[in-house]
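Chain IDs A, B, C and D follow the sequence of writing; residue 1 opens each chain.
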């Protein structure tokens, strides 16, 4: 399809290597006014790297960039200031917020501090930011420290910051902005983006959520191994088709078949009764061996608190939790001994040991089995890691390298492998596919199903309703800390989950 | 709210309490609350607070700096050598001292900000190396001859009832407070120290900002060196360590006050004052010579304990 | 691969180079490559390497410890005082010295691991306070009378051609290398140092592990103190800082070797050896007194630069 | 002079005082030995300086090296760094390792290096001490110690005399009416000896009051604070006695120079090192020193060693001291010079 209009952004032949490893190999991209352009691709395919190059944070080895009315620029020397001058605005994958500074200061860090006699004009800054937040329907105090905001609010702050001025000719780039956003906020965001595009702005949008891509984007460019595999309109694509473009091969299905409903065993593996903890009010639920139970709910509805309670990481105010009939004391170690495992929500902060190697990240929860006569046996650790790498198709340059060198999806697989090695009786996963590409996601779903079939009770908390609807045998919906619905069988579907998450939203 | 105030001004209150205590304690009451003692105390905090502030800049930017004291030593010797060995005019001596500090700052800045080497190690390296350089130049002999009288007067004289040396120090304090807390550059430095990755993502030139922090630190250590020359009436040859620990103690004590949990300029000054006043009071009261050390060490631990526990109860990190 | 080797064994190679250099340099060739000099060098690294290893444990767990040197001072004095002032049997003196170190370790551990106070500040606090306590007890006078002969022999004698003191040190090195690098406890400490929140969520008892690190550190400082007493033939009164910097230098130099980028036991020993051999060679060669300082400072910077730049090119953690 | 002393006693006192002052200015020097065994050839000598960053230490160590070379030996200085990190012991051990024939230690207390001294003895290395103190208990650990003078057969007695001289100068200059802040260097033998002498010297002065304040190695850096506080606590004190010039430089002079009572306070310091003489010349907080020929002491150490090699006992070096102040014995530049050409004397005695 040819467009007569001039491209708002024309990027050509971008090359970039980290050390000897090429990450971008001749990538090109055109963005047109009024267009929402999706950038898709597997984990580690180079999306974030391309975006960092465009932002002038990483320097390309080669490549050019052109925006209307300016000469062609060599990307090799392209810096943050030049990027900003070219009209590019960003919401990066890890948001770029400084947690222990205020919301207003975070705005000013990227947009500049208003000054008076060389000093920051605090009141002017605060007013401008308050104004901006209001327009985004964000009930956030500009003087609040970002650390005190919920993850979703943080994302929205980063978005509001990037969108802060609406000059024409701007190009907005968002790298997985919805990864930690619940349904409602995703809708607000997508709405805002669509309106901007309608006004003639160009938007480059990275997401692993295929449905989002298909409903929002006009065009999609698919990266595979650092090259452009395809760039075409979304109109003639469906989810499976897009997944095949990303995979580069045919894909039959994204979700594994559900369990055949069988006779429930007498006793559930986990039983929660009248639990009050954090935002949770008298929550009761259970999970049986062999099933995948979803936990749905809005932001702050208490999903994470529920999972963390089951893992002994939160001390409940009242109520009881039993595993295999035995009461669970509020201790992570006790929970682990009882066979419980948790893949936490915030990978960077709660799961990864950034300066330890892939091997050490893999074996940290199973050290005892690699120990003989008090010695840790490196060969045993390496073997276990190799198994995990094969098993999960983890893309890793060398197991001795730091875990931070892996792409997000691959990091997530390492964390999952860490826990599966313990062969848990209860596997808890909090936002398990956040930032994970569609194929890896399919892998993970398949693995979760296998694990369940093998007799483990799997509990998945997620903001991705599509994921819950397609993966889970049952879904418990939380609303404001209380169970608002227990869905099973054919009830497990997007509309029902959404409805029970929101119902009485005003009332609560 | 009152708890927050207690946290912000706790150390200041404690300082007031210490003043009151030694002001009424019979053993020290005669000499402690006198203008002469105030002058002595203020004179003594001059170098320490400037050195402390010199350490605050890299610390805010997320880097430790062990080398400030050694740098001030080099700068003091440079200033004295210019005046004494080379009979340079006073301005040249002062400029030379400042320049020496800036040069060390530049070297640290290049190693840490540009080459991204571990600041801890680099600055322990410079802190080890610099006294050797001083030893080489001086042959171990302090330079105390022909120090310009105005510089000596700066170290020993008074002006408006306060030690003369405190006036430039006040200027330095005000300027640094302004730069770190009230300007875009200062806030960017905080951002870099708090989350360098995020800072890079929002387009802050992280390298340049860290670089600047070390250069400023070197410059301030240079100022401290000049003040040292003024106070000592020359350039003395020491290891520098005897200045480092008190300066760090002031910074850390100060990190529990004014802007608790964050290293800050005014807190550092209060920290330096607290130590100086306590030591002066204890000495005047005739306490044994081991008491000040024990007192200072304990004060540091208690201050950080109180401010941390208060902050934790309030729920701020 | 060869680059990785260069990184791991770079410092060791450099050490070999330095040995070769002073072994053939005419000025030092006669005395440097002798058994007597080897004994002197090994004897000299005993205290520094144990102190360095004492600092490695908290460092691996993510906490800085400024207090190891001051702790060893207390332990040395305790040991000497028991033997001399209280005529205690040797075992009691040694046990007392060890206990003193452990007590300081326990205090640090409680403050940092249990109360979660900033280790930096707490240990600068203890490092300030402890010399005051020593001063109080000794009145500034070293304790060198009636030190049990076997302890003295440990400090001066040789066994199998090596200084006797190096044998217990070798034991300490081996044990610490094992615990830190080869056991689950050591791995957990690394994990806590890397990300305490994540450590908690894989079932590591973070408080307990950090606590242990400080207690071990205190115990090792205690051992260093006993060795200090043996080497000095008594308990000397110093500020402790003069031992801290060399120990830290060894740790940091060592962080560039063997397990580059991570503070590690064997690296620390190599670091201490490197400094000791260089200083010995320079002294024997009759280098001016400022040369060793400059050499050591520069070595630190160069070592960290080379290892960082190599690691960056290879992409290891 | 709020005196009730009858005029004739006062007069007598004045005469005594001015006589004492004369003696202090003239000094107490003897002469170096006139004969000695010939220095054995080809010896290697290791000189452990108390700290090359301290100018007094440096002066003595350099002089010992110069003397050893004059004796036809190889000599090398090891920097004791004021014992930082146990450098005294390390230096001695390094000397043993370097297979030296002898080790000379400067201003080092035996207690700090007992072990290494035993090791040296076991290795057959001779050890000579000057300006320091041998262990008094039990065994003498040094092979020999330099003998300052007939009058002062040990360094302890020499230092006591110097402490006494400081007291006598204050008594004389104040006309027997002085309130004195005395800085006492605790925890070191030299500090103890100087203090003993000072107390003894002050005892006869009925009109004098002494307020001692302590400093130790650990509080060395706080000297300024210590003196400032003492001057604040004793607003009538106008005399300050400081045992060592390094303490004057470390802050005592600055405390005086920065005091509001600067004009009336007089400080007497230690050995008369070049920077201190500058302070006296420029009136920057120090008024006097007890001039001591440290370089001579270094030569005396080598003389002692020559005799030790020959199995002979040390002999008197003829050391003394003189008061240096703005009116007496103050050279126009440089260090305090001994009034005797000891170098020539030693060379002659050694036949070199």
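Heads up, the rule we're going with is that a residue touches a chain if its C-beta (ideal position, glycine included) is under 8 Å from a C-beta of that chain, and two chains touch if they have at least 3 such contacts.
These figures come from a predicted structure and were not determined experimentally.
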Distance from the mean Cα position of chain D to that of chain B, given in whole angstrom: 35
Separation of chain A from chain D, taking each centre as the mean of its C-alpha atoms, in whole Å: 75
Geometric centre distance via CA averages, chain C-chain B, whole Å: 29
Contacts with 2+ other chains: residues of chain D: 52-53, 84, 186, 216, 218-219
Of all residues in chain C, the ones touching two or more other chains: 131, 134-135, 140, 239, 242, 289
Multi-chain contact residues (two or more partners), chain A: none
Overall pattern in which the protein chains touch one another (line/ring/star/complete/other): other
Chain pairs in mutual contact under the definition given at the outset: A-B, A-C, B-C, B-D, C-D
Of chain C, residues touching chain A in the complex: 182-184, 187-188, 190-191, 194-195, 197-205, 261-262, 313-317
Touching residues on chain D, where the partner in the complex is chain C: 49, 52-53, 76-79, 81, 83-86, 89-90, 93-94, 96-99, 111-112, 114-116, 118-119, 123, 135, 137, 186-187, 216-219
In the complex with chain C, residue positions of chain B that touch it: 111, 115-118, 120-122, 124-136, 140, 239, 241, 245, 248-249, 252, 255-256, 288-301, 304-305, 308-309
Residues of chain A that touch chain C when the two form their complex: 18-19, 311, 313, 332-333, 336, 342, 344, 349-357, 360, 364-365, 367-368, 371, 374-376, 397, 400-405, 418
In the complex, chain A residues that touch chain B: 55-57, 80-81, 83-84, 90, 92, 94-101, 105-106, 108-110, 112-113, 115, 118-120, 145, 147
